[in-house]
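Each remark here refers to the structure printed beneath this line.
Chain IDs A, B, C and D follow the sequence of writing; residue 1 opens each chain.
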Amino acid sequence: MSIKVIVAGFKGRMGSTAVEMVKGDDELTLAALLDPFAAEKEVDGVPVFTDKADLVGFDADVWVDFTIPAVAYENTRFALENGFAPVVGTTGFTEAQIQKLTDLSKDKSIGGLIAPNFAIGAILLMKFAAEASKYFPDLEIIELHHDKKKDAPSGTAVKTAELIREVRESKRQGAEDEMETLAGARGAEFDGFRIHSVRLPGLVAHQEVIFGAQGEGLTLRHDSYDRISFMSGVNLGIKEVVKRDQLVYGLEHLL
Amino acid sequence: MSIKVIVAGFKGRMGSTAVEMVKGDDELTLAALLDPFAAEKEVDGVPVFTDKADLVGFDADVWVDFTIPAVAYENTRFALENGFAPVVGTTGFTEAQIQKLTDLSKDKSIGGLIAPNFAIGAILLMKFAAEASKYFPDLEIIELHHDKKKDAPSGTAVKTAELIREVRESKRQGAEDEMETLAGARGAEFDGFRIHSVRLPGLVAHQEVIFGAQGEGLTLRHDSYDRISFMSGVNLGIKEVVKRDQLVYGLEHLL
Amino acid sequence: MSIKVIVAGFKGRMGSTAVEMVKGDDELTLAALLDPFAAEKEVDGVPVFTDKADLVGFDADVWVDFTIPAVAYENTRFALENGFAPVVGTTGFTEAQIQKLTDLSKDKSIGGLIAPNFAIGAILLMKFAAEASKYFPDLEIIELHHDKKKDAPSGTAVKTAELIREVRESKRQGAEDEMETLAGARGAEFDGFRIHSVRLPGLVAHQEVIFGAQGEGLTLRHDSYDRISFMSGVNLGIKEVVKRDQLVYGLEHLL
Amino acid sequence: MSIKVIVAGFKGRMGSTAVEMVKGDDELTLAALLDPFAAEKEVDGVPVFTDKADLVGFDADVWVDFTIPAVAYENTRFALENGFAPVVGTTGFTEAQIQKLTDLSKDKSIGGLIAPNFAIGAILLMKFAAEASKYFPDLEIIELHHDKKKDAPSGTAVKTAELIREVRESKRQGAEDEMETLAGARGAEFDGFRIHSVRLPGLVAHQEVIFGAQGEGLTLRHDSYDRISFMSGVNLGIKEVVKRDQLVYGLEHLL
C-alpha cells in the first residue's frame, strides 16, 4: 500500500526537492501539489491546486509542508482537520502554536511532525554525543563551516551543547591553572567545556564532538555537504507519521 | 557510603591497575586483596589473602576478579554464594557457566558483571554504530592497529560488524559493476559492506565506522591508547552491580 | 599590468567556469573567447571567435584551452606560434606531441602548461606524501569516493603510490605472519604497503596517506568537493606561464 | 663501516633511550658512555667515563649529547675540537653560542646538529604546512593536548604559525562581519588566521593544520604518542652529520 502524499509549497527549493524524492520512492505516491503561485493545472498527471480549500475531502495520507512561516500554522491545522498527517519543514512556529497543533492531533488521533532540522545524521550525532557525555564528561566541540557564515558557534553546536548539558555531570575542564598566551585559543566556554568554530572556504557544514578519558578517545563527526541530505529525514517522517497518533516536534522523536 | 571492594588476582597486570583505581576513587574502599602467590600479609593496611576460603563472612560489597580462566568460574560462584557482587574481567567462561552464574545471582538477588571488554568507548562505538546503521545502511569499517597484530580484521571490528548486521537492512554496497584493478582494494566483504584493516607502527588500537548517505556523512571513531582505559569500565561496573539484583554478561548491559 | 587571456572552448563546462574565474580576478583581463559553436559576436564586450585563424596577431598573453582532444594539439601549437602562452586542460596528448610542443616553446621562449590535473591540493598531497615516505617508510593509503565509482583503487591513489615507490626504500609492511580471516581486509598490496578503497554515497573524492613510526603518526588528507577547485590551478598556471620561457607537463612543475 | 657513537648524559631519560637506539641499529656502534654520576666502569663492554677530558684522542665519529644546559655548550665545543660530530638535544643555547659553535665547525670542517625538536613528523608537518600556505592562504590550526597542559596555544602551534607567516600572503580570514555569540569560539587570532587549543584527558600531543579553498580542503595532522618518537630524529642526525662539514641548528636543515 503506497502512502499518498500532498506537497504544499512545491515550487520552492525544498518543496521541489521533496517532490523529486516522493516520485523516486516506490512506497510513496505523489497525490497532489499546492502552491498559490502555480499556473499549471497538473504536472505529470498530478493535480495542482492554488487554494488549500479545494483539498477538503481529497484522498491522501500525508501533507508535506515547505511553505512560509505566514501560512504554515494555518496549513498544519488544516491538514490535521482534514485527516492528512502533516510533515512540516517550515520554521517559525511559536511554542503555543506547537502545543495547539499537538493537542489537535491527539483529538484527531493523527500523527504528525514539525521539524526544524531534517538531517538525520546531525540529529543522531546530537543524540550520541549526549549519551556519550554521561560516561565521558570531558569533551570539546569543533564545528567547521564555510567562511561566509557570520555567527559562531553554529546553532547546531549550541543545540548539541545544550543537550549535553542536560545529561552530563557539570565540570570545569582543562588544567586548573591553564593560561592563554593568545586570547581565545581555548575556544568558547560552555558549562565547563569548550566549543571551537572553524571557518574556511570549501567547507560546508561539519561538526565533531571529541571525548577524552584515561587512555582513550571517542570522536563523533557529522559532515553535511548538500541540502539533499534533508530528504532522508523527510522520507522517514512521511513513513513514521502514518503509524502514529500524535504530532511531535523534532525528528529525534521518530528515531 | 563507600563501596567495599575485594580484588582477586591483585598481583597481575590488570589486577594491580584495578587496585590503584579503587584506591584513587573516594567512593570506593579497598577491603581485601587475594592472590595465591602473595607473600605479604597486608599492603598499606589492607589485608592480603592467599586462599579465598578465608574470605567467607568477610565484610565487602564487590569482588573484582582479574585472575585466570582456570579459577575464575569457581571464584565468581564463591563471590555470589558469599554475598559479594562479582565484577569479572577474566576470560574463558563457557555459555553454560555464564547461565549457571546468572541463575545463581537471581536466586541470591545479587548483581554482577562478566565482561570480555571493559572499554566503555569501544562499547559505545559499537552501540552507536548499530543504531546509525538503521538509518544509514551504507557504511564501511576501518580499523587501525599496530603492525605486530597478526589477524585482520580485528575481533572488535568483527563484533561491530555482527551487531550492525543484526539491525541493518542487508544490502550489497558499491557500484554494481565495480572492479578491483589491484586485488583487495575494496577490503573484506561482510553482509554487503566492507571492512579495512590498517597496520602501522605507532598505532595502538583504533576503529572508525563511516556512514554515507545523499549529501551527508557520519563518522564514529574510537581510539584506545592504553589499557588504563579499561579501568573506567571496571569502575562503572563496581558502581552499577551494587544496585542490581542479577548478573549480566557484557558491559553494554550496564550502559 | 593585467594579463590578457583568451579562453578556447568557452562554451563547455570547464571553459565557462574558467571564464568566470578570469572575470573575477583583477589581475586578469578576459581578452577573447573562442568556440566553433558560438553564435554570438561578443559577450559583455569581449569579442567571440569561431575560427582560431582570426586570432593571428591578436593582442593577448595567455591561451587557456578546455577544448577536445581532436583539436587541442593544433590549438596549443597555434598558441605558441602566435605568442600566446598556453594553459591547457584538455587531455589526450601523446608523449611525442608533448615533446614537440615543449621544443617549440623553447624555440619561441614562451612558457606554457599542459596539465592532466589542476587540483593544487591533490598535487601537494602527492608531493608531501612522497617526501614523507623517505623518512617514514611505513604507510597506508585510504582513498574514499562516491559509490558510483567503478574502479578501485582510484587513479590518484595509484599515481600517489607510484610517486612514493620512486623515493621510498621498498619494504614489506605488517607482521610477518599476518593473516586475513576475511579475505581482502588488509587491502591491495603495492610495493609492500597497502591501499584501501572506500565507496559510499555522499562522498565526492578524498584521499588520506597515513604514516606510522615508533610513537608517532603523520596523516595527509585531501578532500575534493567540487570541480570549481580546479580553477585555482588554472589561475596559478596563467600567472606562472607568463614568467617562464618553456612549456611544462604537469602542474607540479609550477609549484 | 659502522658509525662509532659516544653518548653523553647516558644516565638520563633521553640519554638512556638513545643508548638503546644506538645498540639496536646495525649501522651504529656504541663506542663510549659519559656521565659525571656514573659509578660503573663499563656497560656491556662499552667503556664508561665521568670526565670528558679522558675522551681526548678517543676513536669515535659522533657525540650524542643529552646532558644539561650548564654543560652542553662546553661539551659541544669539546666534541668539535676533538673531531666528534655533535648531535645535541640539550636545550638552552644562546644565539651567540650557536654562532660560535657553527663557526668552529666550519673551521674544523665537521658536521653537527643542535636540535630543539627531534620529532621528524612534527618538523615535516611544519614544513608542509608552510609550503601549502603559499597556495592555500586560508587555514586554521587545531592543536590537541592532554588536559594537564597549562599553556595554550602549544609552542609547536606557535612555531608552525610563525613559519606559515613567513611565506603566506597575510590576510584576515572569515566573514567580514563575523560575530562570536560565545566569546572565544573563533579561537586565537594570528596574522589573520585562527589557532584552536583542545585539552582532553587521554590525548598526548597532536596538531592539525586545515587548509580550505574553493571546492577543496587539505588537512595535515601529526600525532605524537611517545617520546620514543624522538629517536628516529636522533638516528637521522647521527647518520647525516658524518656526511656534513658544518653544524646546523634545527633538524629541518637535514631533511
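Quick note on the criterion: contacts are C-beta pairs under 8 Å (C-beta built on N, C-alpha and C of every residue); 3 or more make two chains touch, one makes a residue touch a chain.
Please read these numbers as outputs of a predicted model, since none were measured by experiment.
*Asks:* For the two copies subunit B and subunit A, is the contact made of the same residues on each side, with over half of the numbers shared, or of different residues?
*Replies:* same
*Asks:* For B-C, find its twin among C-D, A-D or B-D: the pair where over half of the contact pairs carry the same residue numbers.
*Replies:* Equivalent chain pair to B-C in C-D, A-D or B-D: A-D.
*Asks:* Greatest Cα-centroid separation from subunit A: which chain?
*Replies:* Ranked by distance of C-alpha centres from subunit A, the top chain is D.
*Asks:* Please state whether A-C or A-D has more C-beta contact pairs across its interface.
*Replies:* A-D
*Asks:* Determine the centre-to-centre distance between subunit A and subunit C, using the mean Cα coordinates as centres, and give it in whole Å.
*Replies:* Centres of subunit A and subunit C (C-alpha means) sit 39 Å apart.
*Asks:* So what's the Cα centroid distance for subunit A and subunit B, whole Å?
*Replies:* The answer is 35 Å.
*Asks:* Measuring centre to centre with CA averages, how many angstrom lie between subunit A and subunit D?
*Replies:* Taking the mean C-alpha position of each chain, the two centres sit 49 Å apart.
*Asks:* Which residues does subunit D have that touch at least 2 chains other than itself?
*Replies:* 202, 211, 213-217, 223, 225, 229 - these are the residues of subunit D that touch more than one other chain.
*Asks:* Inside the complex, what are the residues of subunit C that reach subunit D?
*Replies:* 119-122, 124-125, 128, 131-132, 135-136, 211, 213-232, 236, 255
*Asks:* Mind listing the subunit B positions that touch subunit C in their complex?
*Replies:* Checking each residue of subunit B against subunit C gives 138-140, 142, 144, 147-153, 158, 173-175, 177-190, 194-203, 210-217.
*Asks:* Residues of subunit B touching subunit D in their complex?
*Replies:* 202, 204, 223, 225, 229
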